[in-house]
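Look for chain A in each of the two complexes below; its partner is chain B in the first and chain C in the second.
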Partner chain A sequence: MVFQRVKQLKFALQVNSAPYSSQGSETAYRFARAAMQLGHEVDRVFFYFDGVYNALGYSAPPEDEKNVVGLWTTLAVQKNIDLVVCVSAVQRRGWAHTESDNEFLQGLIAKGFRISGLGQWVDAAIKADRTLTFGGDF
Partner chain B sequence: MTSAFLFVFSRPPHSSLHVQEMLDLTLTAAAFDQNVSLLLIDDGVYTLRAGQKPESRECRDICAIFDSLEIYDIDCVYVEKESLVSRGLRSGDLGLAVDILPRSDVGPLMRRQTVIVNV
Partner chain C sequence: MLHLVNFPLSEAEAAKRILGRVAPKDVLLFIENGVCALDSGAPGAREIDSLAEVVEIYALLPDLKARGIGAASLLQCVQTIDYTGFVTLAVENGPVQSWFR
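Coming up: the complex of A and B.
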């Protein structure tokens, strides 16, 4: 397929739904990949609300099924995009007792993700040409 | 750099973490000195319904949090009129003084924003 060249944009994405329970996360992943293929920038993807479940490193679906967490990890490693998981959303969902549980959290989250705060989302949204949210139908 | 952020609350309070986590986003944007507005629409208008007794269900007092938005320099809380009317509510039923906005003004409000969060 030949894509028409358009102005290069910088995108900030926010993923708000858990993998498998709705389409949001996978749509965000496919959007990020397609945007970068067209020469746009996706600097940061911020995982919030139930979207934090996309970062659970222990996710291990059967081999013949789609691995959404793995898709994100591959994208982060190949394209060097910043996948940020919200610490307060993670704490509410019981992954960590305190914000200083960092070592424990690092063991839980999948490769390519990092834990940080909501300021990372605001920072990305300010710098981006477009901010898009995916999922949230929960 | 200052951007205009609009946070759209369209769900009822207390049914999930939703309102609380939306407010956390809202307050963080305000802490970054951005222009922040809130719009209550659909079942989101129940968020500010007066006479809630959140303590009876171990819920947080959402009205009190909205009341404190001024501290964060957030003055613009809009409630869509049609959403109120179709739920049998009037502005007097809300626990906070807000700007009531007719539906025809919602589009122009959104066009003035840089970032709209409607989760």
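Coming up: the complex of A and C.
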């Protein structure tokens, strides 16, 4: 029997849309899960533009609806994925006035996410074999 | 190259913009609302059908199901895949280019 060697790749994902307003975040989440189930690595997910709303810790959908923020948190905790929220994008949306409000921002975001800059995306893209962008309908 | 399209290509300008950049042996994957363009009765379906002579065309099955597009109305040139297939396409056809409206 011939066994085909399966390529194991490193993925970096960017999410640019808010949960509940378009499907991009859920598509990215399901892609990340499928990739890891196939033995690939998803090192970092970068939340940019309206994608930063995926990190709002106070998100509280009804119990019979998907909790998108919770899904990301669970994935980050279970699989040790780095979920990075763009600081400039959150400042543009009024979550904080300056980067020195970082402590306040950390209180806003859900478990498993962290605030940082666009350089984190560049770093992830350089190290990844594949980069994918989701939810760009803005 | 794998092209991801997440909006219906029936809009003439978008169709021209994206389909004009697809090279032979590229792969097109329609996801989210993009799958709506793959209904054989949708505007622009003929353009997509003719494109299948040079590129492989796929659609994400859960997104087709969510929009009520079944095998009977799906363009014959379209192959359906699940998320595992999506990952495999990305692995085998990098880099991946997302197209948005």
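One rule holds in what follows: the second predicted complex is superposed on the first by the 133 of 138 C-alpha atoms of A that agree within 3 Å, B and C clash if a C-alpha of one lies under 4 Å from a C-alpha of the other, contacts with A are read in each partner's own complex, and residues count from 1 in each chain.
Definition applied: contacts are C-beta pairs under 8 Å (C-beta built on N, C-alpha and C of every residue); 3 or more make two chains touch, one makes a residue touch a chain.
Small disclaimer: the values here were computed from a predicted structure and weren't measured.
Partners chain B and chain C fit side by side in the overlay (superposition on chain A). By the document's definition of touching, of the two partners only chain C reaches A:7; chain B does not. Touch criterion met: A:119 reaches chain B, while chain C stays clear of it. By the document's definition of touching, both partners, chain B and chain C, reach A:131. Look at A:30: by the touch rule set out above, it reaches chain C but stays clear of chain B. In the superposition on chain A, contact of A:38 is made with chain C only, not with chain B. Taking the C-alpha centre of chain A as the apex, the lines running to the C-alpha centres of chain B and chain C meet at 60 degrees, rounded to a multiple of 10.
When the shared chain is aligned, chain B comes close enough to touch A:89, but chain C does not. Contacts of A:59 after superposition: neither chain B nor chain C is touched. For the overlaid pair of complexes, the smallest distance between C-alpha atoms of chain B and those of chain C rounds to 5 Å.
Shared contact residues of chain A with chain B and chain C: 131, 133, 135-136, 138.
Those residues of chain B that touch chain A in the complex are listed here as 1, 3, 5, 16-18, 21, 24-25, 28-29, 31-32, 34, 114-115, 117-119.
Against chain C, the residues of chain A that register as touching in their complex are 7, 9, 11, 22-24, 27, 30-31, 33-35, 37-38, 40, 129-138. The touching residues of chain A, when paired with chain B in their complex, are 14, 16, 48-49, 88-89, 92, 117-119, 121-123, 125-127, 131, 133, 135-136, 138. Of all residues in chain C, those touching chain A in their complex are 4, 6-7, 31-33, 62-63, 82-84, 86-88, 90-91, 94-96, 98, 100-101.
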